[in-house]
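In the two assemblies presented below, chain A is common to both, partnered first by chain B and then by chain C.
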Partner chain A sequence: MKRPYQKPTILKLQVGFLREKKSSLSRMVRQEIDGVPVAELAEKFGSPLFVFSEKRLREQFRYLKRLFEGHYPRVEFSWSYKTNYLDAICRIFHQEGATAEVVSNFEYEKARRLGVPGDQIVFNGPYKPKEILRQAVLEGARINVDSLDEILDLEEIARETGEKLRIGLRVNMDTGIYPRWDRFGFNLESGEVLNVARRIAAGGRLEVVGLHCHQGTFILEPEAYGRAAEKLVDLSQKLENDFGWTIEYLDLGGGFPSRNRLKGLYLPPEVAVPPLSEYAEKIARALLTRLPAGDYPLLILETGRALVDEAGFLITTVRALKRLPDGRRAYILDAGVNLLFTAFWYHFRVEVEREIPGPPEPCVLYGPLCMNIDVVEESALLPPLARGTRLVLSPVGAYNVTQWMQFITYRPRVVLVTENGNAEVIREAETLEDIVRREKIPEHLK
Partner chain B sequence: MKLKRLAISEEGFVFDPETGNSYTVNETGLLILKKLREGLSLEEIAEIMNEEYGISREEALRDIQDFLEAMARFGLWEEKYG
Partner chain C sequence: MKELQPIINSVLNSYAGILFLARPAAGLAILLFTVLISPNLGLSALVCVSSAYVFARILGLKEDFLRLDFYIYNPLLVGLSIGYFFKIDSLSLLFLVLMGIFTFLLTYGLSSAFWYYFRLPVLSLPFVVGSLIAALASYHYSNLFVKSLYKFPSFSYFSLPLWLEGFLRSLGAIFFMPQVMVGLGLFLVILLSSRIMALLSVLGYATGTMIAYFFTGSLQEAFSNLNYFNFILIALALGGVFLIPSPKSYLMALVASAIAVPLTEASQVFWEKFGLPAFALPFNVTTMLILYALGLSGYRKLTLYYRGTPEKTLDHYLTLEKRFPARTWEVDLPVSGRWLVWQGPDGKFTHKGPWRYAIDFVVADESGRTYAGEGLKLEDYYAYHKPVFSPVTGRVVEVVDSLPDEPPGSANKDYPWGNHVIIYDPRGFYAVLAHLSPGTLKVKKGDWVVKGALIGLCGSSGYSPEPHLHLHLQSGPEIGSPTLPFVFSAYLKNGEFHDFSLPAEGETIEPAPPERRLKQTLNFLLGQEFEYDFFKNEEFNERFTLWVEMAPDGTFYFTEGKGKLYFAQRGSAFYFLNFEGPRTSPLRYFFLAAPKIPLLLKEGLSWEDYLPLEVSLGPLKKGLYLFILSFWPSFLKFKARYQALNRFDFKGEITFNDENIKTTVRLAPGKGFTEIKIEKENENLTFRRRTNHEQESSL
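Up next, the complex of A and B:
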């Protein structure tokens, strides 16, 4: 029996290919998502198509919840709406016990419409319009204040209601990571937080009951959370001593990474991304060693991407083939950066719907937009693909179906593969009517 | 000759210390590189490929030449074979 023959090939390795050689070659084929064939999904619902796995969503939520509850007695997950606010996705997390974390009037209203009670909402963000802020106060939402002006707004609302309002303070601090998100909330090291606390205490209308710190997103240093937790505990003790408040919750925000490949990172995510258990350990250790035994404030986590990213896939189809002047192959896909906002920061895993013969070659994946920026992947390593071949990009569950844009073309369907293997549409494709409905033509142009 | 300076691993990684560039070759490419280093002629290598994989000597020779052309484009192959 002769060995199967492959034509000899030599490929120059770019830094990027070296890194992914193993993982990308061994995982290049994806025929199904949770048992539903990719071909069937595309034929039935069209291409491009976002596909979410209910199983993965629930499993990841339960995993994280168990993980943190195994380390600290009082934990609440608050689903970060901006990461993915499709109703069906939010419903799944709410069913699993998550509250809602919102950062705008739209998100607040969307959570309420979905049936989330006000007191199950964490309201963050640098601009909370007065009307929605008032509604949130009246409905008992947890409000984490971002600026002094918001404190003034809240004091005014407190005057109207005649009651002392319970608020949280968003704090930014040095936890040893870069970039530092120091534009949100009040700075710890400069003493700003304490000045603001004095100002609040003197006003007499507000009471601080919570502290919030969201350091950023895709944070690869578990220890940064340990430091944040330590600093929040120290601050809460100081506030309790100096002002007589009781800090009921410490909110460490979101920012845990998913197994995605951040651009500029040399190592594959399996190596570069620490396991989430390390985050849980660092946070719990910091809290438990500093807090007096038995006096455990609620730990709130606003985890977004780590819960949803890996549950989302995008099926897209090769619509045209090109050869670039430098000799590289290029493919034009029917999904571009209009749908994949996160392509600007991450290299997705690119899988082909079936085994394709031929050696992997460096190639570029372009979207369908007539815009030079529309590059989905500048350095994929794929066998020669024929027109009509379907690709599956992942993980794309976080921030794409919220930050996508209606630009040049329509946005496609989103389906959910349910736990018993059915595919259900959770967002219909856009139509021309959807887009023009809000437009008006002035009389003289008719 | 250039070929002698290349670091070639069993997994098919090829490193050119002169330029710092790395390459990867598949199993067949690796076989050709190794046999060239051992000083075998293209015809002898084609013979081995015929035995190993059952392809014709003509096809093997064509593929070897194609492979060497790709090597030449990367500046890894300079010699002219007649």
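Up next, the complex of A and C:
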């Protein structure tokens, strides 16, 4: 093929891993997602457009399941709704055998609406309105208690039903990582957990059957999980001995990283993010060496990001070009931080829909908002892009379609590329009607 | 009198035991025949058997032991043979006592030796030897008063067909009374006890005599040879007693009766040279040879516990032995997660000959590949460095931990087993885990490990073209000893719970570890009581209380006063083992609704089970069914499938030929069964636990 003419330029030599076929430079182009051309997707469904790959979702789930179950005999994956609670996405994980992890009345109701039975829901979160708490109790959900006041609520519900309720305790602890998330649940080191346990035992209406901890998010230290598992096992044995309870499950929460590039990390994620197999090994080793053989509590993992992040893409289009006062090139995209909440944490992988001639140069990617903070990427290395060029940002599967906001514009479509290569809309784009439907104008303003 | 009961039963059983029946009533009938029809014969037998029994008690053997009828039916037979030749007087009484004790000792010694060396029952071989010795010795005992042979009072006032008379006389000849009336009586005893045996006795006799007729050409001769009782005994022993009744056991009975023909003829000729009768030698030789061959070849349907009649044995086999195979050891799955059976017993690669009972595991993904990427590195393989657990509880007797992992595609031919651990299980075998990764073993020689303890990590050492785990049980402590068959106590396959079985090659299975809550929910202890209301078609019927008791053998059962429902937790499931009691007992329905509960209920989990016939059938129908089943094992279209609805509820569907029963069970998270529902064609039964609070607090 005849190469198009290029203006001669002097370039800094980029040295990638030569043997690595997927080195960063050659990855700059993405023409298709699971066999469906990016251009076709954008033309059919519009831009911006969130695209999820069913194949990647299922493969990642099966990979994680195989991995953890290969190391510990009783594992349950509880799909963290807040990461991405689109019905279709949840359905895929439930089909694969995940239960639901919810943290609010909305999420609980959404899971029930999707047909998840109460006893397959893990209910976390610092505020569980009493009504939904009562419903969860009656439907047999696993409830992990966050505060003493919630224990009082539960005791009241227990009094109403006349049955002893089985609950989980949410615990926070020092596992050697910073920042420590110590606002959730009861502290282990200070002895608060044991005080609370004593209070529960004295109340006589509740029984602790599970322990839960969630250390944080995007944790890059597998050993922290090992330490958390050890501490939970020790605590469970103490509770069993002191109060005669049976601890049925240990819930290590989520926080497992995806291969996204965290801001402030110098190394690329392939190097900086430990493989998930290390997390599995550390957790299993801690459990297997401390628990009596053959008598294993259920290990619950609330993985969200690690399952969904890398299955999500955002197709966006260059809508305007600019040259900044400092000489840098800048582009205005039709998707900004309104759709990409995680842009505050990550440097996304930015790929162009086709090979574009010309030397890559540093540039800034702005979103469509009329605010200074709307920066998708401060410094991307891209060849000169023409207006209308489409970019593919990834991984964007986690948190964006739950934390996105409807600010000055509409939220776009979300499509799913199915396993047999069809693109199906799983969430329609918003319209004016959607947004004004709930508004009311008082009589005197009409 | 009450203390005498076991002794009397024991003696009576020895009479019935000659015909392989364990019923004192049948024994009494036979005793009466012998004493009434031929007092000389009957009393001789009684003296001989009593002396043997008394001597056994002097030796210190207990009733339980002497309940095994073959210990004293041999002296009994010797007594019969002596009574057949000699008239009772003080001298022959002494002779009887001496021979009784001798035959008992002979039985005791031979039976232990036969069992130890050949795993064979001693049958009536001691009788053959004992009565030959008695006959030989009496050559010189001229003081014994010899009765003239063939001077029995004859009752043949009516004439029977030749074959029938021959059959009945042969039957009588088993007890040295070759008379039609005796034979008829014996046949009635057999018929009342077991239809299968009655049929077998006729078939065996017919086969043997017909073959003899072909050779000799004389029907007269064939039907009048009293030694042909051997054919009857052979048919009974093989067709219904030592093998589980089935078309194959019947075939075996017929074949054995046929091959015993030349043997019977030959031994008759041989012993006649010495002027001695041939006795039951052909029966013993043929039966033992066939049993030994079947045992060696691994025939699956050998009787382990003879329950008194073939029918009872068959019922026991169809339920308990099918549910809990007793001929193989059960071990735990030594891995976690889903593993593929790469090579099973009698596998296509290396599991051959003495090493045939072995299993190789690998991990495969959805597309069937065992590795990610290109599979050039050990780390690419899913199985590599996955934990390996102890399948048994026992002592580590050997640990090899220094052989390197072979890179994919190569294999160490010098040390084929690679790094391995051998664990001695006190049940009497050794478990071997092989191809482990060097430096990962968590146990050392002499350690005591329990089931599920972490042993090491899966590797690729030894003859291992890719990382995999090898497991087998063996009879000796040296690596490479002959392997033994085994099953896994529990595992999951495609969401189905399986127990006491082995997966086939190419199947993917995962362990089924019990849930801690259900383990407690279904852990019933002595003294616990549960009160139930029983509703028939939604109408209150009765209220009853269940409580837990312990049987003398250490098993536990529920009872409401009438029935006994035995239960146990084994491996990863709760089982109802056995039901005894009247058909009116509500416990029957508990068995029907929950014969087996995997301790890891979860929506969608399903399982199958067999139900004992007595749980579903009345006694008459049961006898008929068992008779038919022995010929036509697939006659019973019987299926009991259960499926979990969630963590505490499950439903079942029992299809029984044309009958269909639906069940639902709800377990109480605290303890026991909350509600059991049985839906039959025309009635709905509901058992509802009374007042949760009271029950809970009373526990």
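Convention: the second predicted complex is superposed on the first by the 422 of 446 C-alpha atoms of A that agree within 3 Å, B and C clash if a C-alpha of one lies under 4 Å from a C-alpha of the other, contacts with A are read in each partner's own complex, and residues count from 1 in each chain.
Following the convention adopted for this analysis, a contact is a pair of C-beta atoms (placed from the backbone, for glycine too) under 8 Å apart; a residue touches a chain by one contact, two chains touch by 3 or more.
Since the model is a prediction, treat every value here as computed from it, not as a measurement.
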Contacts of A:His94 with chain B and chain C, given as first, second, both or neither: neither
Winner by number of chain A residues touched, once chain B and chain C are compared: C
Which of chain B and chain C A:Arg328 touches, first, second, both or neither: neither
Which superposed partner A:Tyr5 touches (first chain B, second chain C, both, neither): first
Touched partner set for A:Pro359, first chain B, second chain C, both or neither: first
Touch list for chain C against partner chain A, complex: 332, 335-338, 363, 365-366, 382, 385-387, 389-390, 449-454, 510-511, 513, 515-517, 520, 603, 646-647, 669-670, 692-693, 696
Partner chain C, residues of chain A touching it in the complex: 62-63, 66, 68-74, 117, 119-120, 140, 162-164, 166, 209, 246-248, 281, 284, 288-289, 292-298
Touching residues (chain side chain A, partner chain B) in the complex: 2-13, 17-18, 21, 359
Residue ranges of chain B in contact with chain A within the complex: 14, 21-29, 31-32, 49, 52-55, 63-64, 66-67, 70-71, 74, 76
